[in-house]
Amino acid sequence: MDKATMTEAIIARKIEKELTWEQMGSDLGMSPVWLTSACLGMNSAPAEKAAAIAEYLGFDQSMATALEAYPTKIWDQAVPTDPLIYRLYEIVGVYGDTLKEVIQEKFGDGIMSAIDFSMEVDKIEDPKGDRVLLTLNGKFLPYKSW
Amino acid sequence: MDKATMTEAIIARKIEKELTWEQMGSDLGMSPVWLTSACLGMNSAPAEKAAAIAEYLGFDQSMATALEAYPTKIWDQAVPTDPLIYRLYEIVGVYGDTLKEVIQEKFGDGIMSAIDFSMEVDKIEDPKGDRVLLTLNGKFLPYKSW
Amino acid sequence: MDKATMTEAIIARKIEKELTWEQMGSDLGMSPVWLTSACLGMNSAPAEKAAAIAEYLGFDQSMATALEAYPTKIWDQAVPTDPLIYRLYEIVGVYGDTLKEVIQEKFGDGIMSAIDFSMEVDKIEDPKGDRVLLTLNGKFLPYKSW
Amino acid sequence: MDKATMTEAIIARKIEKELTWEQMGSDLGMSPVWLTSACLGMNSAPAEKAAAIAEYLGFDQSMATALEAYPTKIWDQAVPTDPLIYRLYEIVGVYGDTLKEVIQEKFGDGIMSAIDFSMEVDKIEDPKGDRVLLTLNGKFLPYKSW
Amino acid sequence: MDKATMTEAIIARKIEKELTWEQMGSDLGMSPVWLTSACLGMNSAPAEKAAAIAEYLGFDQSMATALEAYPTKIWDQAVPTDPLIYRLYEIVGVYGDTLKEVIQEKFGDGIMSAIDFSMEVDKIEDPKGDRVLLTLNGKFLPYKSW
Amino acid sequence: MDKATMTEAIIARKIEKELTWEQMGSDLGMSPVWLTSACLGMNSAPAEKAAAIAEYLGFDQSMATALEAYPTKIWDQAVPTDPLIYRLYEIVGVYGDTLKEVIQEKFGDGIMSAIDFSMEVDKIEDPKGDRVLLTLNGKFLPYKSW
Amino acid sequence: MDKATMTEAIIARKIEKELTWEQMGSDLGMSPVWLTSACLGMNSAPAEKAAAIAEYLGFDQSMATALEAYPTKIWDQAVPTDPLIYRLYEIVGVYGDTLKEVIQEKFGDGIMSAIDFSMEVDKIEDPKGDRVLLTLNGKFLPYKSW
Amino acid sequence: MDKATMTEAIIARKIEKELTWEQMGSDLGMSPVWLTSACLGMNSAPAEKAAAIAEYLGFDQSMATALEAYPTKIWDQAVPTDPLIYRLYEIVGVYGDTLKEVIQEKFGDGIMSAIDFSMEVDKIEDPKGDRVLLTLNGKFLPYKSW
Amino acid sequence: MDKATMTEAIIARKIEKELTWEQMGSDLGMSPVWLTSACLGMNSAPAEKAAAIAEYLGFDQSMATALEAYPTKIWDQAVPTDPLIYRLYEIVGVYGDTLKEVIQEKFGDGIMSAIDFSMEVDKIEDPKGDRVLLTLNGKFLPYKSW
Amino acid sequence: MDKATMTEAIIARKIEKELTWEQMGSDLGMSPVWLTSACLGMNSAPAEKAAAIAEYLGFDQSMATALEAYPTKIWDQAVPTDPLIYRLYEIVGVYGDTLKEVIQEKFGDGIMSAIDFSMEVDKIEDPKGDRVLLTLNGKFLPYKSW
C-alpha cells in the first residue's frame, strides 16, 4: 500500500468513526500534530506506534507497514496558495532574516533542525477572537569548522 | 531616510555599542523579535516606540521617522537558500497540510493571521544539545459567508 | 464526495434546471458571488446553508456534507491566462502600490483582509456600453507591535 | 525627467507639504486613486490635469511633461509579496473562476476592461473593526465573432 | 460535452469529410480564423452560428451547445515551443516596445483591444517564396482619468 | 556607443526636434515601424540608411556606426506586463494554435519567418472608436526532409 | 492515429525487426537523423517518404498518414536534464555569444535557419576514445530593413 | 583584470585595428571559434596562447593573465531570446531525443562531451542562399558500471 | 517493459524476498549504489550484469532487457524537496564555488566527470551519532583549446 | 567590512603572495576546503582561526572580524550553469533517489546533515586520466516521533 492510498483509507475511517486528530492523539498517547503528519504520509511511524495506530483504527498489518515506510517528502507548490498555509510561508518571508538575527545571537552560527524537531498547536480562548499558538521546538545545530 | 539606509545605520551603531537585540529589547521593554523586525525594516514602529528606539541608539528624529514609515515587505527568494531560513520554509512544506488539518479541526474553517500576530524565540538548554523554541501567536480569523 | 465531483454535479444540475447563480442566490437568500464560490469549491458553507443549497438543487445529505467541507484553496496558474481573470490580475499589478498608498493613508499600517471579506458584482447599464461594478469589502487589520 | 525621478520628487514634496493623496485629490477635483497612480507613474495625466498637479505642488512645466508621458507599466513580482498587495492577488486566485461565472452570466461572453476603468477606496467605520470598501468599475467588452 | 471533446469530434469529422477551414469558412460565411478558434474551443460561437456549424458538419444540438459555451482560455506554455507559434512570440518580444511607440504616437495613451478584435491570414504568392500576410484589427481603447 | 546610449540620444533629439516616428519615416523614406525598431536598438540599419538617419537627426558618424551594429535582441519579461504589449502576447496565446491550423493548411508544414519579415501599423478611423490595423508580412519557410 | 501512438508502434516494430535507425535510413535512402525525428513525431514526412517508411516497417496507410501529419513541436523541459541532451544545451549556453560573433562576422546580421536545416551524426574512431561529429547545416537568413 | 573588463578591452582594440575573428585566428594559428570564446571570457587560454593573443593585440602581461584565468561560465537566460541563439536552443529542443537515439545507437550508452570538445563554423556559398555549416566534435564518454 | 514498470517489479520482489541493496550488491559483486541506480532506472546495466540481476531476483529475460535499456534521465524538481536530497542540493549551493576553487587549483581548468564516475556510501559508527560517508570518484576532464 | 569585500581582498592577497588554498590550509592546519569556503564567505570562522588566517595573510583585526561574521548563504542560480558545478547538481538529480534508498536502508529514516558536515578533495593520479575524489562526511540525523 503506498502512502496516498494509506492516507485516503485513514481519512475515510476517521470520518466514519467520527474521530478527531485530537482524540486519536490523546487515546494513543501521541502528539496530534505528529500523528496527523504520519497519517498524511509526511513522516514514518516507528514499528510499535504504527501497529498501535493501525489497530486503533481497525486496520490490519499492511496499514502498519504503510505507516512505517520512509516517505519521500514532496510538495508541489514552491509558493503555497491555500491561505492558511500561505500565511505560514509569509511569516517565513517577513521574519526570516529577523529570526536568523535573533537565533544566531542567542546560539551562535548554526540552524534550528527541522529533523530533530517537534511542533504543537494550542488554542488560546480570547473574547476578542481566539488565538492560535504554534510552538516549534528544534535542536540547535552549530556549524563546525574542520 | 529609506529603510535600507536606516537598517545599515542601526546595525552599525549596534556593533559600535556592542549591543544585542536581546539587551535592546529588555532595556526598551519590547520583544526582541519585533524590535529586530522593525530595525530590519519589515515592520513599522508606532510613534512613541520609534522615538524610544532612536533615542536609545543616539539617533535624531529622522531615524524615528524612518522607523515609523510603513514598509513595503519584499523578499527576493521565493525559496530561501540560507540554511536557517530554508529549514523554516521546509517546515511549512512538510507540515503545511498537517497544520491545516489540526488548526481547522480545533477552530473551524479559517486561518491564523500573520498580521495580528507575534512571535518569540527562546533557548532551552539541554545537555544533548540546546534547543530553539519558536512560539507563533496569531489571531484565528474565520471565513465568513455572505 | 470530493469538491471536484461536487462542483461537476452542481453545474450539471444547474444547467438541467436552467438556473442562474443570480436566481439561486435570490431564492436562497445568499449572495450570488459567495454561493458560486461555495459551489465551485473555493469556500465552505455553514451547515444550514449547505443543507439549503443541497435541498434546493434536489441533492441528498452527501452533497451538503461536501459543501460543508473545508476546502484547500489551490490555483494552478501564478499568472492567469483567461482574459477576464487576467484583467483582474493586471489591476493588482498596475494599481497594487497605489492601493497600498491610499489604504494605508486612510487606515494606518495594515491590510484589507481577504478572509473577513465579501464581494458583489453589479451591472450598470450604459448606452455607451454596460459597465461591471465590482465591490470588495474587507475588514482592515492593523499591524501590531509586541 | 523619467517617471522614477518624477515619483521621487512628488513624494518628497508631498511629505514636505504634509499633504495626503485624499487632500490633493479633493483640492484638485480628481479621484485620489487615479491621482496616486499618475503620481506613482502608472498612468499618464491629460495635459490640463498634469499642469494642475504640477502647479499645485509647486513644480514647473517639466513635471507636467513627466506626468503627461505615457508610461510602460512594469511590475517585477509575478506573485507580489507585500501582504496588502498579496491579499488582492489572493482574491483573484480564490475568486477568479467565481467572478468569471457571475460576470459572464450577467453580461454574456466577454471581460471587464482594465483600461476603460476606474476604482475608488472608501472607509466604513465599524465598532468591530473598520472595513475597506474597494469599488472597481470597468466597461464590459463583449467578444465578437467575425 | 466539454470543449476538448467538442474539438476532437470536429477535427475527426473535418478529416472524414476532407474539409478545410478555408472551405468551411467560405461555405458558412464566416472568417476561417474565427471559425477555427471557435472549433478549437478558444472562442464561443453566437447561437445561430453555433447551430450553422453543427448542422454543416452533421452534428446535433449538443454540438451547438458546446460551441456556444463560454470558454476558459488557458495555454500551458508561457513561452511556446512550436516554431510557428514561437516566431509570433518572438515578434512580440522584438517589436513590443516598437509597437508601443508607434501605436501610442498615432492614437494617444491606450491599447489595441484583444477582445474587440479580428484577424485574417492571407497568402501572397511570390516566386522568391510565398509570404504569409497576417492582419490584426483591434479597437483602440484609450486610458481614462477619473 | 552602445545601443542603450544610442537610443537615449535619439529619443532626446526626437523630443527636442518635436518629431514623430511617422514624420521621420516619411521624410527618410523608411517604414516608421522598422525605423523605430532600429532606433530602439532591436534591428541593425544598413550603412546608407544608418548614415541617413544620423544625418537627419544631426548626429555624426558614431551614431551611424551605432545604428549599423548588429544587436543582441534581449527582452527581460517572458510574459510582458505593459497592457499594450501583453494584449499582443495574449493574442499569441489565444490564437497560436488557430494560426498554426490556418497557415499550415494554406502553405503546408512550415512557419512564417520572423527574420524575412516586415510589419506596418495603420489607423482606421471609426465613429464607434478608431481601430488599430497591424499587418505582419513574413516569408513562408517550409520544413525540409533530408 | 496520433503522433505518440505512431512513435510507440514504430519503436516496437523496430525492436521486433532488430533494426537500427542507421540501417533503416540506408535502406530507405533517407538521413538517419531526419528519419528518426520523423518517427519520433518531431517532423512531418512528405507523402512518398511516409508511404515508404510505413511499407518498409510493414504498416498500412494509417501509419503513413500519421507520419505525414504536421506535428506541434513541444518539449517539456526548458532546461533538459538527460546528460546527453543537457550537454547540447550547455554548448548553446557556453558558445551562444561566440557563435553569434563568428556567424554574423562571416554572413552579416541574420541567423542560421532551424527550418531550412539538416543535421548529421558521424562516428570518428580514435584510440584515445571515439568522437561524435555533429554537423548542422542551416540556410543563412539575413535581417531585412523595410 | 576581470573577464568582463578583458572582453571589453579586446573588443575595443579589435574594432580599432579593424580585425576580424577570422583574421586573428588565421594569424595566430588558432580556431576562430575557440579564440572568440576565450576573448569573450568563456574559455581559459593556455599560457603560451594567452601571451600570443595579448602580444598580437598590443596588450601587456596583465591581459595574458586575464586570458589564462579559469572562467566561471554563467549565462543569464535559461531560454535565450536573441534569434540566432534561440534557433540553436530550438534545435536542441526539437532534435534532442533524436540525437540521443542516433548517438547512443552508434556508440552505446553515454554522452558527447562538452569539455573535450571543439567546434567550427563554415560558410557554404549557395545561389539559393548561403548556408551556415556548424561542426561539433566531442569525445564520446560511455557510462560505466561499478 | 519500460523502466517504471521494471522498478516497481524489482522493488516488490525485493520486499517479498526481504532483501537489502547492500545484500544484493554483496551477493552479485556489484556496488550497492550503482545497483540501486540501475534498478531505479537511472543507469543501464551491461548485458551480463543485467542477466545476473534478473536471475538473482527470479525474473526472466524481459527484465534483463529492461535493465539493459539506455535510460532518459529525467528529474522533475529543479530544487528537490525531500530533506535528504535537498541537503545534497544545499551542499552544491553552499560549496559549489569552493569546490571549483579547490579542484581547479589541484587539476587545472576542467571538471569532474559525472559520467566516468562512481560513488559509495559508508557508515561510520560514532557514539555522538553515526556519520554518513559519501565518496564521489570522477575522472578529471581538462578543457582543451583548438 | 562585508563578506564580498573580504573575499575580494583575500583573493587579491593570495595572488600577490602566490599562495594556493592547499598551501594555506597546510600552513594553518586547516582543511583547504573549509578554509576556502570561509574565505569565499560561505562559512564563519571561529575567533582563533579567523585571527590566524588574517595574520597569515598580513591583514589586521577587521579582516578577522569579517571572517568571524555569520554569513547569509545565498546562491543566485537554482540550477547552476558553470560545468564543474552543474555536474555536481546533475549527480544530485541522477543519484538523489538512489542515495535516499541506500542511506536510509543503512541508517533508518533520517538525513545526512549539511551542517555537522565536512568535505575533502583528493587527487588520484591515473595514467588513463587523473581522478577527483570527493569525500562528504555528515552526521546522520534520525527523524523523531513525538
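We call the chains A, B, C, D, E, F, G, H, I and J, going by the order they appear; numbering starts again at 1 in every chain.
Assume contacts are C-beta pairs under 8 Å (C-beta built on N, C-alpha and C of every residue); 3 or more make two chains touch, one makes a residue touch a chain.
All values derive from a computational prediction rather than experimental measurement.
Contacts with chain B and chain J are shared by A, I.
Annotation of chain E and chain H: jointly contacted by F, G, touch as defined at the top.
Two chain pairs are in question, E-G and D-E; the one with more C-beta pairs in contact is D-E. Repeated interface: B-J and one of C-F, E-H or H-J share more than half of their contact pairs by residue number, and that pair is H-J.
With centres defined by CA atoms alone, the chain at the far end from chain B is G. Distance from the chain A centre to the chain J centre is 32 Å, each centre being the mean of its Cα atoms. Rounded to whole angstrom units, the spacing between the C-alpha centres of chain C and chain D is 23. Annotation for chain C: residues 72-73, 75, 78-79, 81-83, 90, 93-94, 97, 100, 104, 110-111, 113-117, 141 touch two or more other chains. Across the assembly, chains come into contact as A-B, A-C, A-D, A-I, A-J, B-C, B-D, B-I, B-J, C-D, C-E, C-F, D-E, D-F, E-F, E-G, E-H, F-G, F-H, G-H, G-I, G-J, H-I, H-J, I-J. If you check the complex, the residues on chain C that touch chain A are 72-75, 78, 114-115.
For chain C in complex with chain F, the residues that touch the partner chain are 79, 81, 83, 86, 90, 93-94.
Chain A makes touch with chain B in their complex at residues 20-22, 32-33, 36-37, 40, 42, 73, 75, 78-80, 82-85, 87-107, 110-114, 116-117, 119, 121, 123-124, 126, 128-141.
Contact residues of chain J toward chain A in the complex are 30-31, 34, 38, 43-46, 49, 70, 72, 97, 100, 104, 108-111, 113, 115-118, 141-146. Those residues of chain C lying in contact with chain E across their complex are 77, 79, 81-83.
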